[in-house]
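Dropping a structure here in structure tokens format, bear with me for questions.
Letters A, B, C and D mark the chains in the order given here, with residues in each chain numbered from 1 onward.
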Amino acid sequence: MKIGMLGLGRMGRNMATRLAQGGHELVVYDQDPKIGKQMEGDGLATAAQSIADVREKLGEDAIFWVMLPAGEITESVIAKVAETGRKGETIIDGGNSFYKDDIRRAKTLREKGIHYLDVGTSGGVWGLERGYCMMIGGEADVVRRLDPIFKTLAPGLGDIPRTEGRQSDDDRAEHGYVHTGPAGSGHFVKMVHNGIEYGLMQAYAEGFDILKGKASEELPEDQRFTIDVGDVAEVWRRGSVISSWLLDLSASALARDADLSKFTGDVADSGEGRWTIEAAIEEAVPAEVLSSALYARFRSRVEHTFGEKLLSAMRYGFGGHVEIPQ
Amino acid sequence: MKIGMLGLGRMGRNMATRLAQGGHELVVYDQDPKIGKQMEGDGLATAAQSIADVREKLGEDAIFWVMLPAGEITESVIAKVAETGRKGETIIDGGNSFYKDDIRRAKTLREKGIHYLDVGTSGGVWGLERGYCMMIGGEADVVRRLDPIFKTLAPGLGDIPRTEGRQSDDDRAEHGYVHTGPAGSGHFVKMVHNGIEYGLMQAYAEGFDILKGKASEELPEDQRFTIDVGDVAEVWRRGSVISSWLLDLSASALARDADLSKFTGDVADSGEGRWTIEAAIEEAVPAEVLSSALYARFRSRVEHTFGEKLLSAMRYGFGGHVEIPQ
Amino acid sequence: MKIGMLGLGRMGRNMATRLAQGGHELVVYDQDPKIGKQMEGDGLATAAQSIADVREKLGEDAIFWVMLPAGEITESVIAKVAETGRKGETIIDGGNSFYKDDIRRAKTLREKGIHYLDVGTSGGVWGLERGYCMMIGGEADVVRRLDPIFKTLAPGLGDIPRTEGRQSDDDRAEHGYVHTGPAGSGHFVKMVHNGIEYGLMQAYAEGFDILKGKASEELPEDQRFTIDVGDVAEVWRRGSVISSWLLDLSASALARDADLSKFTGDVADSGEGRWTIEAAIEEAVPAEVLSSALYARFRSRVEHTFGEKLLSAMRYGFGGHVEIPQ
Amino acid sequence: MKIGMLGLGRMGRNMATRLAQGGHELVVYDQDPKIGKQMEGDGLATAAQSIADVREKLGEDAIFWVMLPAGEITESVIAKVAETGRKGETIIDGGNSFYKDDIRRAKTLREKGIHYLDVGTSGGVWGLERGYCMMIGGEADVVRRLDPIFKTLAPGLGDIPRTEGRQSDDDRAEHGYVHTGPAGSGHFVKMVHNGIEYGLMQAYAEGFDILKGKASEELPEDQRFTIDVGDVAEVWRRGSVISSWLLDLSASALARDADLSKFTGDVADSGEGRWTIEAAIEEAVPAEVLSSALYARFRSRVEHTFGEKLLSAMRYGFGGHVEIPQ
């Protein structure tokens, strides 16, 4: 199929490349013309000069895949495409937009006869090679019509064993992409995916902390162990209940440096972890673990909270405990 | 009554003073003889030279109130008193011992005909003046026999309004002391008291953090508030649902310095907060808030956990996120 | 001063009563005319037939105190007052509105020359007698002008001891009301107040759970205690570090029935607990305890989460653990 | 090698079978003689009549692999083997013992010249086929000497991709078993493994809860999604960041019944999840996520906590909120 890719950062470029390698015709555009030209030079895509140029090169019923950082940029580029958009066109937001923005956008675009799909993708820097796991929200028939695109981007069956007991007329999930429901649902499912990701990561983080902490000199001497966490991560990859891709990554990092000394420990978080908690609260679903995982990141980025000082102040108040440097 | 006070730190000295002022005869002993002599000089107590000397000065059926830091010191002093102990004597552990140690000690001492009471006390540095809130474990008749001691130490009815709906033949709780059950139960209840204390403190800490954080420049400008937290603490003391003594202390600290700048924010924890969680786990009782309050203190004392570095390492692994100083 | 009270539910009626008793002139209105008439009969207020009638009876620069459940009703009544509003009038939202709604309303009303104050109040059913603790957002000079109203509603100095170390030119906080900043900040501070309230309540709840659980037959027999939680609550009111008004209420409830058997344990939550967490997340402030307290309420209202079933399903998958009724 | 397997439950039998199939000579014993006879009939092992008989059949320097449920049974069988034990023999505890018990046992046995290894194994019902992931504590040379046993039980390299960056002289971890340190460390690492397992499981559980909850009728209609969680689990297995074996199991369970209606949702927990938290507390390591995961299981098994009733009672006290069935 013919696809216009707007945004050629790492994700956009890799996805365009995978699509081109899969036989699709790519028209690409980025504010910075360099990457587009390079892709054109490599015979992967036609570089466009502007959004209007992309549209012209795509012709009727154009498909725009917007692959930009979530937030203002995505919002403004989609607005720009929509402004001059024609009936029958399709806009795909492949970034990490807030699902409520998708609901709003789809509604507005529908009035203009423009289709809107929101595609949450997981796979990170590995997607070009392994394929992208995709969660797709939007009109069922549009998703069906664009199936060749998704099929190319997806990892496919690969050598992952089939799920025991699974019977479904719809084999898309097995190929690594799924139609999750109406507009917004794709990013919603991706958002929850990231929320879970935070929780999983924090579970490993705490576990390895406890392994490391077992060497603490504050423990009785016969209760101390100095554990080779690199070896432990490696062994857990081998038939244990907690094997996972995140563990593979941990094992690799620990294999390189068991002290992880080059990492500061200031951990960023993105919108999706936060929105997951907000969704849980809206639904009145208890989400202890996902919240704790988010808070651990917040806490990692400050030296001390004001609240901790208040704890010290109260302790000083009732017990004369002095937690003041002198 | 005649009481021997072993340990004249801040708590022991204050309790001995309150007892003496209440008409009891005090024999006091501390490794450091200075304080005992001073109390003797003030006409509050007779200073003894050793545990044996305390026993001699007390005479038959001696009552020893051990008021020392929990742990090895308390254990060894109680062992020393017990070693030469006589039938009919009573040992009271007024410190913060682990309740399982009380159960063990009471059992051993019972075989020697020595009574054992464990008294958890709350009131901190304010107890001398306000009286001590006491939770007492041990044999019911011994607790009754020593009632004059507890009555003197306790705050009494004071001007605290009576609890609506309360009807009880036992008015001790209203006077600020309670017989909680067999040996160990006093310290158990005190332990839970401290667990709750951690939770309450953390609730205020987080709340004030959120108030302070509302001035953050990362929020949209029309959503920022610079809130006078000293004023807020003060107003909440006045008829709000969350008024409490801990809030009074917070208000006082914030009144002196709304930035609490002299506090480092490294918050210590003691055995009781930890044992509370262990008790919850033994009972299979979910204790989210009390655990989180404890963990917040653990976290406050380290710059970064190893786990946080592992989070960064995983993020680098799957997304190329760079959280490395360069 | 002359005040129009819109909404005569328990809160509105009590506040109007306290104002009338404090010498203010009240014009009251409620959809249900009965209460207004009754207040008029008691000589406390003039009953109006409509919002327009309230305005007419108040005259120029009318002050409308809207005291309705947060949400659509409050929104629509404020909109109605604003629609026909005149320059110089003041609208006070005394309910529990979301502070972002206040920011929006104040902005809109400002363009019409109408003043807007948001007043968060704590004190519940006890406010009529004890006075209302108030957190007030809005223009400083308007808050000053309406000071007589707030002074009457507030508890005043009463017999609450002054905060040690407090020095302030502004004695309003000591009287139980505080100007917290621009519009929205009053409800923001009240929101955080409620967030803290949830945390405090949950800390007590968990503590009492642990006390109760100590009688569990799954514990070794010599480790079991059957603790009189009513007595414990009572004694903690007496000089302990964790004394508070919430503890007073707990003691009262436990005095009436130590098993609390008439309570189902399904615990409701209101917007403010939820918004507090959302605010924490927006500010990147870790709020473990306040979140856990909210989640405990969510969890209390369902028999089982779907997630729990999934846990069982996984356990069955890897270990053959059967958690299936047969 | 010659190995005596004590305990022929599902785990013991499967491990003995895998060892026999790998060329080792097995002498097996269980209280219930049936399984031993059956294995003998299948040519897999020699069935013994008693522990003494096992010893006789094994000859000098006998190796006993004890594979029993953690707790009293394991303790008593090990004691029995030790009682008549001879210098040079080796006892392996392959169950889920508490690591402090291992430290104690190893110390006692060392005095008798008996070697002790603690082997934590993961792999559950899948181990016979996939091999067992093993964490081994004890003397290094004994672990080396018994290497053929561990090598047979372990999964081996299989088709799991090698960890990028890994360089080690010790290739055991890559084959699925690791020497973690002195006695106790094997079970310690396995314990933390299970703690992490709880955390991972809870992260998935909460995420799927949020997906399910998005269909709630309490949400605005245009914000509701009815998500096919079976499809979502399937797609996440395909190239997503959160792919894992636990997710595979979830996908399989959801493929069979997307409502998981045959599961009650009462989730058991075992000692290891609890000990992990106790270890964290001893080390002063914050373990929010692992604790929350444990508490979620506690909470899943009761209809209501007493604490929830207390929340209702407080709410009734300050706000007249009625959470009482009538």
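Simple rule for what comes next: a residue touches a chain if its C-beta (ideal position, glycine included) is under 8 Å from a C-beta of that chain, and two chains touch if they have at least 3 such contacts.
Bear in mind that the values here come from a model prediction, so they are computed numbers and not experimental data.
Centroid analysis (C-alpha atoms only) places C farthest from chain D. Note on interfaces A-B and A-C: more C-beta pairs are in contact across A-B. Chain geometry summary: the mean Cα position of chain B and that of chain C are 31 Å apart.
Inter-chain centre distance (chain A to chain B, centres taken as mean C-alpha positions): 47 Å. Centroid to centroid, with C-alpha atoms defining each point, chain A and chain C lie 38 Å apart. Residues of chain A found to touch two or more other chains are 124, 126, 202, 204, 206, 209, 213, 241, 245-246, 252-253, 284-288, 292, 295-296, 299, 305, 318.
Every residue of chain B that touches chain D in the complex is listed here, in rising order: 241, 269, 274, 277-278, 281, 284-288, 291-292, 294-296, 298-299, 301, 305, 318. On the side of chain D, the complex with chain A involves touching residues 100, 103, 107, 122-124, 126-127, 130-135, 154-155, 158, 160-161, 163-168, 170, 172-178, 180-182, 184-185, 188-189, 192-193, 195-200, 202-204, 206-207, 209-211, 213-214, 216, 218-219, 222-223, 225-228, 230-232, 234-248, 251-253, 255-256, 276, 279-280, 282-290, 292-293, 295-296. Chain B meets chain A in the complex at residues 10, 124-126, 201-202, 204-206, 208-209, 212-213, 245-246, 249-250, 252-254, 260, 262-268, 288, 292, 296-297, 299-300, 303-321, 323-325.
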